[in-house]
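Two complexes are shown next, each including chain A; its partner changes from chain B in the first to chain C in the second.
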Partner chain A sequence: MPLDTSTYSLAHLRVDGRRWNELRRVHGQISTQAAADGSSYFEMGNTKIICTIAGPQEQRRGGNSGQSHDAKVEVEIGIAGFSGVDRKRRGRNDKRIQEMQHAIASAFTHTLFTHLYPHSTITIHLHVLSQDGALLAACINAATLALIDAGIPMSDYTAACTTGSTASYASNDEAADPLLDLNSMEEQELPFLTLGTSGGDDQVSLLIMETRVQATRLEAMVSVGLDGCRQIRSLLDGIVRAHGKKVLEARVT
Partner chain B sequence: MPREADPSTNEQAFLLSALRENIRLDGRALDAYRPISLSFGEDYGTADVRIGKTRVRATISADVVTPFVDRKFDGVFTISTELSPMASPAFEVGRQDQTEILLSRILEKTVRRSGALDTESLCIVAGQKCFHIRADIHVMDHDGNLVDASCLALIAALLHFRRPDVEIKGEEVTVFSVREREPVKLAMQHQPFCVTTSCYEEGTILLHDATLLEEQCREGDVLISMNKFGEICQIAKYGGAPMDGLSILTCTNTVLERVKIFDQLVKDRIAEDEKRRDVGGLIAELSAENDR
Partner chain C sequence: MANTIPLSPAELSYLHTSLSQTPPIRPDGRSPTQFRPLVAETDILPSANGSARICFADGTEAIVGVKAEVEKSSARPGATTDDIFKNSRDQDGDVDVDREESDKEGKGRDEWLEIAIEIPGMRDDDSLPVFLSAMLTEALLSDGGLKDRLWINSRFHWRLYIDILLLSQPRSYPLPLLSLTTHLALISTRIPALISEHDEDPLFNDDWEASTFLYPRSGELQARSKPPVTLLVVSIGEAVLFDPSRDELAVCDSAMAISVAQSAGAGLKVVALRMIDPPSRLTAGGVPQVLNSTSNPAATASLSPAEALVLREKDQGQTVWRPPRGGVRRAIISRIIKMVVENNGVGEEVIAGLAGVEA
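Right after this comes the complex of A and B.
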């Protein structure tokens, strides 16, 4: 058992030595790929993602061309074979990945000002280099940074993180603690959810949970998640401001 | 590529302005469902669910296969969904549609990942033989709220299904046909149901069981699957308009109420069906006075 619940209750320290409300190290870079319209590199602990943006550009030949007055957001996720613990090839038709693509696309369709770019597409390419939990959350954060780099107007940052609960679904344990930002070992055995916020306080734009959990647990998990998203948002903001400062300083000299 | 035509601006404006006054076009309350009918087929394991004009049929079948190498003690359970052009002209044969992917993922997460069906009970001989339970979801008519209808049909069909009885003597396995031995029910651990909540006007108006037109006009949706014990099996809110964290939590309470109604409905219908099938034991069945 990776997260031995008995030791957790003794010292309140998780397998990697964090406390319940601590995020892993977050590191982000903007404009990493020169060829792309916008790009970013984002790390949440050992989850590492490169995101590149293509667009807004002319719509590819499709069925509904000429109909839309909004830009279409497309997402493509490529998970590298070496990213996980065991080398597994995931096809393009994996439904789990397609679901993630849909979730990211519809989350950004709402925050981006797509009405400014009629008849065009914005393609978000996400390359997962290393996975260690919070895959969807890291993808969303990376895409936010890259879209800012691409200069596409948006109403707010979309920040995401995961939260879990120490109680497994079977036990109706009252002393269960919510946990912030699980790593992959914790994700495998604890119920967790991915939460994405955008547009002011406590506005949930994305919430995905795949594991069984008591409904009474949800409130604590969501409130810890909202707090985590607030932290992620300020970290993203810091990354963007630091990058902007660097660009301006380079221009002055 | 046929695509569902978007509703006209007039239709959308009419629907939304009516909703602002808490009126739905078909006169229902915001959290009310259309009339739900659930019926079972002649065979075990077919359930037909109608919610208003939406109609979904679920069929369960079982056969004996070798289990996966990495899961020697588990049976196999697969759910396959099919959206045929019969349901809506927007669906095409062979092409994977966004609706289909989401539908199958939600069912997968609600029923399979939450462990509703005890797959260990499907094992016959560890590592050699197990049952493969296959659920086929056929959507016959699409007028909104496919996910709720499919989930209801799937759970009802699983509860209704009986698999052939088996007997193991040493290495030898005998699978008895329905004639030889009374088939046995599947071991269900809990019955999760999915309820879709659609939101309008920046998440201030929430309604259940949206029709197709209402679905096309909505800003976002939250799919929550729960069982009657108040366990959440799955939540999916894919983007769309942001919602207050608190209103999602209140959502789960209304969902739980609805799930309890679904659970009771399925239970009642199953009991009715069992009563109809029960002819009064072997003696009554073999009576000379019976029809030939």
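Right after this comes the complex of A and C.
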């Protein structure tokens, strides 16, 4: 579906009416499922994800001999057939899904205190119910919330968002603006990257870019992305605090 | 199922005894036909034609999304001149709804419905998901009304994809959860209203407000037609228990999945019935006192294996737990069917309860 980005230069409004630095509506819930060790529901615009955590639990047999002294982080992503515009079923061995699983696992291996749980596995199940851009970023944010619900110690929130650039690689447009939090129509048309940070002072824990962009535009995109991650981080913090308050109030009464 | 039963023979025996009382005493104090409380919502996904989510009391959760796509019908052998003749008769202009409905009859085909079940930690071709999807498909197709409704005209039809996601590890047998969620998703499924007539390429009204429900809600006759629900029923001794918990499944004599559907203008009818291998068969039996080598070592030491077997068989589960054997009596099966389909029976109660769920 080609997207007409030419109107952007007129009013500086994007197809869904946002300005360049505006996030979509973010909504999150914690402890959505009683059977899981930790669970969360996260929405970024129309991207909706349910995350459940199993573990830390005894390491499953097989794999790397079980001799490691750190907990292993495993990620399983299931993209529902009805999540997109057309129904499409993706197998578990889809290369793109495997790459996302690896990226998420390595990002969380750094922020979680895995040395506290030797010989064990933490499994993150992500169920994508509806996708509209920023899939990887939404998965990471949902996993952060669910890991907090599971009570697994971590150094900081891992918050992620996407940034893009208004001009494609081919058009040599000098006045290209960076854009924050692309939806799926924009993602198909424009170059974009996914950025994840953890730690207060903008430590990048994940940066993935699959499209081509001119190197001069990259700096602006990353700095907008860092700002977006800061916003997401405070939103996640708000969700956690609101949930904590609710739990404490239920205890008191 | 991966989950083993964490109960000792003594505990199993206790549960079995209390459940075979009249009336049975269930561990959670429910009556035999009472269901556990559940949380349900419909129309949760904007990208699906119909969707539902159900969360059971034990924490298991399922989401079902129904998606419909228009597909070109392949030529069907044996239905050529008859169809053309029928369509030429319709040229007189307005077609009333009843006529249209009866025109669709018998034109649906089984392959227009596709069910996929995803259970975490299991492959798509593992026995549990394959068995569950076969059971759910069987019930939906034998209803008959559903596949006929997917017919658009002689060249096009709807293809219905039902994706069932179990979000948690299966704690007990997940069949009732998946079936109830599918029922809920199907009654909330809407398909765009058709504008084009007869055998033209189908053209649809793009106003979602004008879309029609796959299972109509208003109108006298059709409103009564409802998708099937599959209920899990266990029998323990003479007792029949609905919505068994994990502990109850662990001691049941037999378990069966019974699918009932409500067809237009008629009451409930059974559309599918399957016996399920109950997990109680995998439990370990207890050791009768006469064979206890700790309390009477002298007596048991002299026993040959054949004699020990005879003694064990003689006990017949009277003093210690013995895994159930054999099938179920016909009288119990007919009682179960009667309890489900009778007026104001369990089937009607479940369907009425699900109809009350709001978006």
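Here is the rule we go by: the second predicted complex is superposed on the first by the 247 of 253 C-alpha atoms of A that agree within 3 Å, B and C clash if a C-alpha of one lies under 4 Å from a C-alpha of the other, contacts with A are read in each partner's own complex, and residues count from 1 in each chain.
One rule holds for everything that comes next: contacts are C-beta pairs under 8 Å (C-beta built on N, C-alpha and C of every residue); 3 or more make two chains touch, one makes a residue touch a chain.
The structure presented is a predicted model; accordingly, all values stated were derived computationally and were not measured.
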Three-chain arrangement built on chain A, chain B and chain C clash or fit: fit
Contacts of A:222 with chain B and chain C, given as first, second, both or neither: first
Touching partner for A:78 - first (chain B), second (chain C), both, neither: second
Following superposition on chain A: angle at chain A, chain B versus chain C, Cα, nearest 10°: 110
Touched partner set for A:114, first chain B, second chain C, both or neither: neither
Touched partner set for A:213, first chain B, second chain C, both or neither: first
Chain B versus chain C as contact partner of A:40, first or second or both or neither: neither
Residue contacts with chain A in the superposition, chain B compared against chain C: B
Which superposed partner A:198 touches (first chain B, second chain C, both, neither): first
First (chain B), second (chain C), both or neither touched by A:162: neither
Superposition-derived minimum Cα distance between chain C and chain B (Å): 17
Chain B residues within the chain A interface of the complex: 1-3, 96, 98, 101-102, 104-105, 108-109, 113-115, 220, 222, 226, 230-246, 248-249, 252-253, 256
Interfacial residue positions of chain C with respect to chain A in the complex: 44-48, 51, 55, 58-61, 63, 65-67, 69, 116, 118, 120, 123-124, 161, 163, 165, 167-169, 171
In the complex with chain B, residue positions of chain A that touch it: 62-64, 93, 95-96, 98-99, 102-110, 169, 193, 197-199, 202-216, 218-219, 222-223, 226
Chain C partner contacts - residues on chain A that touch it in the complex: 32-36, 46, 48, 50, 52, 54, 76, 78, 80-87, 89, 91-92, 125, 127, 129-130
